[in-house]
Amino acid sequence: MGTQALRSDMGWSTADRITVRGLDLCQDVLGQLALGDFAFLEVTGRKPDAAESTVFNAILAVLVEHGMTPSAMVARLTYLGAPESMQAAIAAGLCGMGTTFAGTAEGAARLLQEALPLGTAREYDVAGTAARIVQQHRQQRLPVPGIGHPVHKPVDPRAVRLFAIAEENGLAGPYVALMQAISQEAERAFGKPGQLPVNATGAIGAIASELGLSWKLCRGLAVVSRAVGLLGHLAEEIEHPIANTLWVRTEEEASSHLVPKEPQ
Amino acid sequence: MGTQALRSDMGWSTADRITVRGLDLCQDVLGQLALGDFAFLEVTGRKPDAAESTVFNAILAVLVEHGMTPSAMVARLTYLGAPESMQAAIAAGLCGMGTTFAGTAEGAARLLQEALPLGTAREYDVAGTAARIVQQHRQQRLPVPGIGHPVHKPVDPRAVRLFAIAEENGLAGPYVALMQAISQEAERAFGKPGQLPVNATGAIGAIASELGLSWKLCRGLAVVSRAVGLLGHLAEEIEHPIANTLWVRTEEEASSHLVPKEPQ
Amino acid sequence: MGTQALRSDMGWSTADRITVRGLDLCQDVLGQLALGDFAFLEVTGRKPDAAESTVFNAILAVLVEHGMTPSAMVARLTYLGAPESMQAAIAAGLCGMGTTFAGTAEGAARLLQEALPLGTAREYDVAGTAARIVQQHRQQRLPVPGIGHPVHKPVDPRAVRLFAIAEENGLAGPYVALMQAISQEAERAFGKPGQLPVNATGAIGAIASELGLSWKLCRGLAVVSRAVGLLGHLAEEIEHPIANTLWVRTEEEASSHLVPKEPQ
Amino acid sequence: MGTQALRSDMGWSTADRITVRGLDLCQDVLGQLALGDFAFLEVTGRKPDAAESTVFNAILAVLVEHGMTPSAMVARLTYLGAPESMQAAIAAGLCGMGTTFAGTAEGAARLLQEALPLGTAREYDVAGTAARIVQQHRQQRLPVPGIGHPVHKPVDPRAVRLFAIAEENGLAGPYVALMQAISQEAERAFGKPGQLPVNATGAIGAIASELGLSWKLCRGLAVVSRAVGLLGHLAEEIEHPIANTLWVRTEEEASSHLVPKEPQ
């Protein structure tokens, strides 16, 4: 096993040249490839065209900033303890981008890609596939990933907008169709009209599939986006810190039942 | 202390509306604000203009991908152990974006901003300031952050390109001038012509300062960029894994002197 | 949801007293409770008796040090980049203690506790339960967690020793019996005598169950133990660094096919 | 650089034997070496004697549990998002064991070891050295690490107890004497009698130095101890979760000024 060669095509450099994914960093990338497009290059090996760029940046943008999320609280509390290591604060915040929050985009993309593998010819029965998927989840009493939202009802406005952007850019294909059909079928089968719309993570899973990205990378897209958002929260924390107050308050409340009352 | 209000301006949402940094996510951001520009919005509170966007994305792009760095190795080795948690693999890789690698952009920006605080009127003696800075570091036998590179000599092509992009976009101001003067003065004072060019991190520190970004955020910029690069490495690792080979080989070599030789 | 009280029984302090889990830190803990016993107190809320202490420390000890594992490599490579943050280096190394390496102790404990819930009366058919478990895994073509090892055959000496320690201390009860029965049944059913012994993680899962620890905590035990081991690796790395060599070599090999050959 | 051999003495294994730090895991460690003593073995390469074991476990125990600290909050909030990855929750919590909280033990040990290098003959002027150290910090307007505490005055009971344990075990030598002298000198020089006692981190730094541990490892000791404490907090969080409430409340309060009031 140890004799296999280690090999990577990501990049290399010499004294006067740095190459990334086959492009000359100084000539082809700097000043020409924006961060989101660079992310597309990193995961696919090629630059996006204009339509892909718009759509890919849109799904990344959805996940950047959701206000005072657990990940933002974590980054701020970690920075309080280790201001010398902003990298550790961002890393700590990202550690929680797991099954609960980022897992549903992954789950939705997986569902779609298992029904219709990436790179296959795209003739198939959308309604029948949707019905089968909903039925399977129903039988196993599992939630269908990518549909429903506790707050955003009867539609998740982010999903609506993402699908419109995909449509405008010619990238609303079979995965978008299937995701929408799953929502409709689920509302019908569970008898919950207007209650199980495609949510933001379902839209992301569907559109990432349209872009040819493996479901295994969907969680990673959320991580990259949230890294941007956490930097924003740390910038605000540096200017207007709240982590110490959050700590002191939480500590006082959580242990107040333990502390003996002093006699006066 | 615990009675102070917790307050953040980053974002909020209701059933039909999500707002980030004062913008409506669906109307103003999705499809319109690319990831790099969103990062600018997050750290400054406003959208970049076209020149700022080009320059800001350029400094982010420099840091995305440097081939098989320690951070890329860390992300791959972590994914080997915890494929269920891509977020943890990226987070682990980011934990090493510290003083050794990302600290020099921070150090360069700090140096520049301590000489010329952000937001101040910009009349000052460039050459004299550069001479003073170089002399101080020389006396304390400290390296001057942002200049010199073990490989890229007599110039770091990334710094050259970044400064050209800043110049083309009207953003090569006093910080760029000071960084360049420091390099020239250091080469003169240390008697090392062509040996102490502004390097990529020096250029990033100078240009981040031109954009009004606190030196405290420079490490965070590197972290965000590298998150993108680590996603790329994990995408490659999923397709063409090397982490297991790297482990087996390293383990065998590192402990071979300990293992008793078997009699034949 | 936000109106529920935050409450924790872990600890509190006043000017002259620090209490942890109901014990006075200075009077009852310092000098009296060793680290492993403190870990027992933290997860169970009470001090271990002598037998529990021996057995619990033994399962922790198994997981501390396995030589140059991926987690050790990760800690060293992260320290190379961020020597200012040893906490980040250890944290990065721990991020990979996931499904691949630490997940099997968790899986074994879960299997056992689903067959025989913690705290239930302990009359049950060991052989029949083992047969049912093996058959279920066989039908679903899933590996049975806790048995088999690529190197340690026909027995894993660590499991043998752990079970002996549990036995000597009166803590080899129904979970140990079931784990051993599963191994025997699996060797029989798969026709692999001497190939599917209880491995170290199986023994840990069984003994943790004897101690009344939820399977949900088993991965955490591995994490705590490995934190100790990673500190050891960093101590060695500080004295005899290898991370830089590991990086340089890996980078050279991985990208050598990309770098154009220079004309001589 | 890449041709140097990779070498580690930490451990190795064959089919029937696992060796750690020169000891046979099954024969010499399991059932015999408790977790804290294993930590001593890992960082020093030898087993502690009884006195060293008591003292080393005592300094580890101080750092395990401080109630609802930022690191505990971080671990809980991370577990909320990624319950599949307890390792990531603990890692995230550890990321904040940095300069603010764990840095002072490191700083105190460094101060002491720079005054009196590890392994040197131990004849020196304690009072004079203390006076010099205090004066240097005073001139540079830097706090002296290891003394003073916002709550624990006029003495920190943990430091008092740790020094007593060191004394009882014959391990209160020149570093403990110097740390105490620094406290006395600082109270005199700053005119703050009873205000600048040796605090817990000062005692840890001094005692770690007595044990021959480099100041570079002190932060790591805090990390290992806190890993134990975070496992305890996660065990409580699984039984009695508070992270979701903490999140919802914080989010509501932090963004309430942004959300437009609905007309009734």
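We just call them A, B, C and D in the order they show up, numbering each chain from 1.
The rule we apply is simple: contacts are C-beta pairs under 8 Å (C-beta built on N, C-alpha and C of every residue); 3 or more make two chains touch, one makes a residue touch a chain.
Fair warning: this is a prediction, and the values are worked out from it, not measured in the lab.
Colleague: Tally the contacting C-beta pairs at the A-B interface and at the B-D interface, and name the larger one.
Modeller: A-B
Colleague: Give the label of the chain whose average Cα location is farthest from that of chain C.
Modeller: Max centre-to-centre separation from chain C belongs to B.
Colleague: State, to the nearest whole Å, the distance from the C-alpha centre of chain A to the C-alpha centre of chain D.
Modeller: About 36 Å separates the centre of chain A from that of chain D.
Colleague: Nearest whole angstrom, what separates the Cα centre of chain A from the Cα centre of chain B?
Modeller: Roughly 23 Å separates the two chain centres.
Colleague: CA centre of chain B versus CA centre of chain D: separation in Å?
Modeller: Centres of chain B and chain D (C-alpha means) sit 30 Å apart.
Colleague: Give me the residue numbers in chain C that touch at least two other chains, ranges are fine.
Modeller: Touching at least two other chains: 6-12, 14, 67-68, 82, 84-85, 87-88, 91-92, 95-98, 102, 242, 246, 250, 254-255.
Colleague: Taking chains as nodes and touches as edges, what kind of graph is this: line, ring, star, complete or other?
Modeller: Chain contacts: complete, every pair touches.
Colleague: Please name which positions on chain A make contact with chain C in the complex.
Modeller: Contacts found on chain A: 5-12, 14, 19, 82, 84-85, 87-88, 91-92, 95, 250, 253-255, 257-259.
Colleague: Under the definition above, what is the set of chain D residues touching chain A in their complex?
Modeller: 67-71, 73-74, 77-85, 88-89, 91-93, 95-103, 242-243, 246-247, 250-251, 254-255
Colleague: Would you pull the chain A residues touching chain B in the complex into a rising list?
Modeller: 1-2, 4, 6-18, 20-21, 25-26, 29-31, 33-39, 41-43, 53-54, 57-58, 60-62, 64-68, 72, 85-88, 90-92, 94-98, 102, 151-153, 157-158, 160-162, 165, 168, 214, 216-217, 219-225, 227-229, 231-236, 238, 240, 242, 244-246, 248-249, 252
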